[in-house]
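Down below is the structure, laid out as structure tokens.
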Amino acid sequence: MDIATIIGIVGSAVLILGSILLGSSLGAFINLPGLLIVVGGTIMATLIMQKMPVVMGAAKVAMNAIFDKMEAPDNIIKQIVSLAGKARKGGVLALENETIENDFLARGVRMAVDGIDPQEIINTLRIETDSLLLRHETGHKVFKFMGATAPAMGMIGTLIGLVQMLQTLSDPSAIGPSMAVALLTTFYGAVMAFVIFNPIAEKLEDRTKNEEMLLEIIINGIDGIARGTNQMILEDKLISYLSPKHRKKEE
Amino acid sequence: MDIATIIGIVGSAVLILGSILLGSSLGAFINLPGLLIVVGGTIMATLIMQKMPVVMGAAKVAMNAIFDKMEAPDNIIKQIVSLAGKARKGGVLALENETIENDFLARGVRMAVDGIDPQEIINTLRIETDSLLLRHETGHKVFKFMGATAPAMGMIGTLIGLVQMLQTLSDPSAIGPSMAVALLTTFYGAVMAFVIFNPIAEKLEDRTKNEEMLLEIIINGIDGIARGTNQMILEDKLISYLSPKHRKKEE
Amino acid sequence: MDIATIIGIVGSAVLILGSILLGSSLGAFINLPGLLIVVGGTIMATLIMQKMPVVMGAAKVAMNAIFDKMEAPDNIIKQIVSLAGKARKGGVLALENETIENDFLARGVRMAVDGIDPQEIINTLRIETDSLLLRHETGHKVFKFMGATAPAMGMIGTLIGLVQMLQTLSDPSAIGPSMAVALLTTFYGAVMAFVIFNPIAEKLEDRTKNEEMLLEIIINGIDGIARGTNQMILEDKLISYLSPKHRKKEE
Amino acid sequence: MDIATIIGIVGSAVLILGSILLGSSLGAFINLPGLLIVVGGTIMATLIMQKMPVVMGAAKVAMNAIFDKMEAPDNIIKQIVSLAGKARKGGVLALENETIENDFLARGVRMAVDGIDPQEIINTLRIETDSLLLRHETGHKVFKFMGATAPAMGMIGTLIGLVQMLQTLSDPSAIGPSMAVALLTTFYGAVMAFVIFNPIAEKLEDRTKNEEMLLEIIINGIDGIARGTNQMILEDKLISYLSPKHRKKEE
Amino acid sequence: MDIATIIGIVGSAVLILGSILLGSSLGAFINLPGLLIVVGGTIMATLIMQKMPVVMGAAKVAMNAIFDKMEAPDNIIKQIVSLAGKARKGGVLALENETIENDFLARGVRMAVDGIDPQEIINTLRIETDSLLLRHETGHKVFKFMGATAPAMGMIGTLIGLVQMLQTLSDPSAIGPSMAVALLTTFYGAVMAFVIFNPIAEKLEDRTKNEEMLLEIIINGIDGIARGTNQMILEDKLISYLSPKHRKKEE
């Protein structure tokens, strides 16, 4: 579980609530119809933009991004190097009964064991990489869209409030509170976009980049295994993906 | 028909109307000249930007995106694998009398049957893919343009109202209602852009990406058929385009 | 002549003028110094950004985009296929006395007749395509720049008006009309950008994409002619550039 | 010297000054502390962003862009074609004592004379092109950054003025003039960005594109000279970089 | 240490503080809760977006960008050319005991000494380059995100203040000071974004580009060394990366 995300969400909430409570009661910032138009409107616009299962899936993707640990690249490299060593000693067929946890690596090894041409294996794995990235990009785009739509819904809510307030300008003492309520939807939209949707969209994009690197490592590793590359040379190549700091642990 | 889009459009309308009716009558939000300048102005600016048939076509494209189901990639793969099996047994000529529903796949198979060089078939199909994507991008751009233009037209309408109000500032009691009317066009522009044009533009872009993947699958499939690839290996390659979840159904 | 552009420009003018006349006289919206700073300022900033002949050329390019019909791709394809047929029968030299209207196609055919190596012809034509696209992109960028500068000039004009109004706040009855005049430049800038410059910039970009496709068709056609490709196969390849609807007319 | 840029800068100044003087004295628009925070703040932020010599260099680059004439592509082509003619007659060694003004062309010819492999010459010249473009892009980015920072500094100045004005709201007659002064920094920032930095940034970008084309012409020319291409064919290829209008002058 | 960055940060602080002190005491611009929500909120949103060690690392990266001098490309070139000279005389094995400070260059030379195939060395070094750039891009994105989030947090703080002020509009004399306090968070957000985060983000991006060039030089150098290229030709190629001004010093 990614502790930073939890700290960030809890911390933001504490800061915003604290900031409110310093100057007024929390009640002054709660407006159910306003909350409904911003949250509901953002969800509705997202449903127009994407198929139902994709929107549902996006929530799951976000949860994964927050709670799942990505496999460490150095572990994968260790495993690939060990597989490459066995393959050089006993041929790729020696890998037939290896238990490999990572699905993508396992699939590549199985293809090598089946005797499929290395170039063809790479082509197939690259298709799999591309379509995985496309699926992830879809999830990332849903959050980016929500981050752009929430403030707009906030503005629409505020415009509704302003128009209604301006049409009944006769009672000057009501202007302040009406205006305050009208501004609440802008506030909701900004908080949703900048505290929730945008950071998560960035997180998903960053995670996709890291996943892409992991898949690149595996593709290069499978290529080495299938071609029977010397395991020392293969390790030397694969650790180039790591930062020098992580690399030292390796050796 | 894509139920999510319908839910999204109806839901947005209900939320916005509900939000209005909580505070005033709907009549306060209806201003025909304002509606005319925002809707009409957006359409006019779009006509400057694009040829008439393209703008007309864009509406049709949007309808398709909402109401048409795209062919499922797993069905296409199933069909390609079955064609590849027949081609391996009886040669590509055995595919001469196959009924193939998908136009793009049908064209590729016909070229293979005609004995055209596989590389040349791929080149031709890739041209077709590129020009299809170009046509779709045009439709997508029309909606993106409308999404950027509608709020601007709203602002132009509000500026007209503000200037007129400010010039006759003598009667203070008229300020509020005049200002309210002036803000309505901004409201119309925001609703049109963020509830209709932008989500549809995103939907069209997403759909184009999925269609591109479908065409990539078919191109790879035709290549396999024309080269007489083993159907098991071909299937293994093509299902890489699917998410693992959809893949399981396949096997 | 592109009727849609004319309809769009006239229609926008009617809508905006109508919208003004519903609430006040047109005179209230005419402010010559304001018009001068927005129109003049935009032109001056554009002169800083680009050489004189390019800015002058941009106006001509815009006129072309509005009044010139682009050659229909299906006519070009028909012509190429017919040339390919003659070249296959009588050799490329048979094309020596053909009258070819399209300059780009004519140049390619002449090079083929001169016996220049097909690959070298393609290289030369591709250079020509790239430099044509670069020139068009320059025109497109001028309009995009004007679309971004006009609202800024409008804002500068409004700021000047606001500062002057605020410094002489003693007479409250003058606030309204002064403010109205100050807002006029923002209005001018918005109308110029969103009704004229931005749509034309988009139109030029779209036109460039279509022209690029036309040149791609011709390059592929010249390649086929120079290599003596069968005219049926060549046609099959070239019509892939057309939408299926236009393709049917072809056969 | 690029007359358009001078006209643009002088013209903008005249328009803005004229617009001010129509409504008030110029003095009302001069506020030294405000000018200091916008101009100084923009320069300081730019120093954070870039090393001292790069910022200093950027001013020189801008001056070059305004006052230096770029070499005309048609002259360079004429020169290359003449060199190619001599090289075909007397071998590349015949070019040993040619005086070539353009540094880039001179370097390529010297390498050809030294008998370096044509492909290696191209590689070296392409590195030089890329690093030249990188250096130019740096200058362009400095101006783009200044164009984005100046309005922000204007806003910061206005916020400072607003906060100070609001804290001493007791004297209503002082509100107007204080507000006017506060708005001046926004005015300065907008003028600096939209009349100076942004147009120059665009000019530099455009110039870089033209320079890139010039270098492409020279690289293609050197390639032709080193390989001993026929000078007619080489000219035919190189004039493809020119617009048809300029090409006619050539023949 | 990069003196320009220090001048920029100190200079900005002096300008902003001076601008404040001209009109009021500094105390009027200090609001601890406001500072907390902008600074704290930006950090919290960043923690949602990125893993803890990456955010911590970003601060270190920024310090490096400010205080570390990058290796001068001309020194690296001098060293590579000298190594290439020795390798030509005594074979690559002669480089075995050379002390090379730059890690990247040292690694490449070691691989060449180990007799690894030049193409394979290049592949490995390119992987290392790509993963280094990916890590740097992550740092750059953290600052860009903070530059976009800080003004949003400022706006959220201002909205909270506005809503609270509007709800207690009964005492008109309190409006000014309350509004002033509400605007402070917008001020904080703008200063943080435009004086700190954005310039540093740009600096990191620029630095990455320069580092990429340095790595390109080394990769080309290693390639030359491993292939035994003549050191004069290699130098001629590598100095193409330098601006002509720096090149002269070289010779």
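Labels A, B, C, D and E are assigned to the chains in the order they are written; within every chain, residues are numbered from 1.
Simple rule for what comes next: a contact is a pair of C-beta atoms (placed from the backbone, for glycine too) under 8 Å apart; a residue touches a chain by one contact, two chains touch by 3 or more.
This is a predicted model, so every value here is computed, not measured.
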item: Neighbouring chains common to chain B and chain C, by label; value: none
item: Proportion of interface numbers common to chain D and chain E (over half same, under half different); value: different
item: Chain centre separation (chain B, chain D; CA means) in Å; value: 39
item: Whole-Å separation of chain centres (CA-atom averages), chain A against chain E; value: 24
item: Where chain E touches two or more other chains, by residue; value: none
item: For the chain E and chain A complex, residues of the former touching the latter; value: 33-34, 36-37, 40-41, 43-52, 55, 103, 111, 116, 120, 123-125, 127-128, 131-132, 134-135, 138, 141, 145, 148-149, 152-153, 155-157, 159-170
item: Residue ranges of chain A touching chain E (in the complex, touch as defined); value: 2-5, 7-9, 11-12, 15-16, 18-20, 22-24, 28-29, 173, 175-177, 179-180, 183-184, 186-187, 190-191, 193-196, 198-200, 202-203, 206, 209, 213, 220, 233, 236-237, 240-244
